[in-house]
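Comments concern the structure below.
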């Protein structure tokens, strides 16, 4: 990370299966427009309830990516 | 969520299997007495250690539900 | 927990598979040198991104263990 | 507040008009079942966006009320 | 805490004597209607001033109790 | 919010009239370039003082919008 | 703000009408003794409940003012 | 608290005896120059260690007092 | 504290009597293995409830001690 | 800041020399694509360690810039 | 710090050169009216941007000083 | 950081010169007993005041180091 500059963007991914899958879905979407994604940080984990059970998980993450030199 | 009023309650669910399962257990219990549960927010994730490994996960959540009109 | 004194240490475990597995890895390592580990608290969940997907999860935890009498 | 004990509950009120009206709506609803409501604290202010403008405000509050002696 | 589900409620106790006594007062009140109270967490410590000295301490706590199976 | 991915951006709106108007101004500006804006969260409320009175309110918000599929 | 030094003080204003009016009341009071007030930051919004409705809003603000050169 | 404006100041009291006594010492000192002190809030509790035991407790509080009309 | 380097460790002490006594118990235990303990900071105050009353207080502290030169 | 709307972006700059230089590097990079940058806020200061000494500082900042009218 | 009572005030210093210089400027100003200043704590570091570079650093500090006996 | 486990310790370094130097001093001390130090995070920046100016800076950091395999 010596001389690089990074930017962080905040995303919300969701999945009916798991917290990990919600993170993966957010990254997969971001990967279509961002290069050099380097790390993520989970800010919030929440979800929607349907019929008294988890409908889907919603995970708010920050993604850090390197700006082109 | 236009004119409704919601209440949030704080619950702790646990499971020896996973964080998701601990959330599901808390919701299943709450579903016995609460109607109109709409969303949850994870506040804390912790757990008990048995013999140097996870005994069970404990997840503190807030559950939002709509008050009857 | 009546008269005991506990110490907490902060660890970072990682796993390419899941958040739970990252926690387990940190505990397994700590169990080699610490006795009487009693509970853990998740402080941060983050991870490394490789080719636009999760490379591995990194989970920062605090582990509480009882000091010998 | 000398010898009394108070309880706090967390509510979410909403209004298309203003933050104050969203608070009032939550209190009006709570007043139907709670006596001795004494104070409120705003925890979060948020809202829903419809066609690029505020659809309604959502205000999360804690309400403190005195428990009957 | 293996398979149980817990609920947390937020209370404010007060006492002219001490912080500990304010906590005890809140618990004594709660014990009249709640079973299986298991732990408490202090959230805020504050108080009322009368004639330039502490009139009474006010302690905001969360109380965790096990939901009946 | 089932399978969608959302992005959040942070904006600061201002208004000499009210907190609500400052939020509306930020949304109106954002609506010129963003589609599918879904919700906002107020992070900070502050303002400029002119001649001992509020010159204008400044409200920092996060706006969540759905990324195109 | 180049070479100036600023001080911040913490005030609580109240109003039965609105959050904005509570802020204005605090500033009006402070303006009697402070010069060069430059900005304010809202720290907490709360209020007193009378007969199940808002009696008055109480807004905790920090006010920044320039120290005389 | 209807139309009054309050100011808060931050103080640190200390005592070799107890947390409560440290608060009382800070209030006693403040009472020499401040009128209308109304409430306090504990921000931090800490202390100095002498020979492996508590030398004295240091308690950081905010004190709210009404500004003269 | 001119040129010294300090380390902080996190401990949990408990006592059925008081918050102060729980702090003292943690320090007494730590004093058996640590030299040059200089200050402590209270992070959390909590406790166990037995039969609707405080069973014992649990206080989480950080202890700062000077590293040998 | 009367009628303008501002946006904030989060950047990470780094420098082997100093915290200030890491901030300057992030700004210099951002200045290539952003106009009207007005202020920054430091969120986190951290760094990489090489051979037991600071390899480079990493400073996370938010940059606020005015959106074109 | 045995029996003394301390007060904390919040100041904002600025400097075009460095974070340290901004702190020093705030202290120099405060030293003209306050005696017995004992310690400071940095709360926020921010700054103004001019032509895409740091115009000046602004550092918000709390200064603790002993009240006269 | 693939399969490794890291531990974090909290240190306080000081220097009369600069914030950076205080960090370096803490690392230099830690390097005498810790191997594989990898990163640091600044938690608090504060200092001692002597004669109305900075006597020395005190910087609280967390240091992360890899546990031996």
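We just call them A, B, C, D, E, F, G, H, I, J, K and L in the order they show up, numbering each chain from 1.
Following the convention adopted for this analysis, contacts are C-beta pairs under 8 Å (C-beta built on N, C-alpha and C of every residue); 3 or more make two chains touch, one makes a residue touch a chain.
No experiment lies behind these values; they were computed from the predicted model shown.
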Intersection of the contact lists for chain C and chain G: none
Separation of mean Cα positions, chain H and chain C [Å, integer]: 38
Chain C and chain I, separation of their C-alpha mean positions in angstrom: 22
Centre-of-Cα separation between chain K and chain F, whole angstrom: 32
Chain F: positions in contact with at least two other chains: 9, 18-19, 30, 48
Pairs of chains, among all present, that meet the touch criterion: A-B, A-C, A-F, A-J, B-C, B-D, B-E, C-I, C-L, D-E, D-F, D-G, E-H, E-I, F-G, F-J, G-H, G-K, H-I, H-K, I-L, J-K, J-L, K-L
Touching residues (chain side chain L, partner chain J) in the complex: 18-20, 23-24, 27-28, 30-31, 37-42, 63
Chain L partner contacts - residues on chain I that touch it in the complex: 1-9, 62, 64, 67
For the chain I and chain E complex, residues of the former touching the latter: 18-19, 44-49, 52-54, 57
Touching residues on chain G, where the partner in the complex is chain H: 9-16, 25-26, 29-30, 48, 55-56, 58, 60
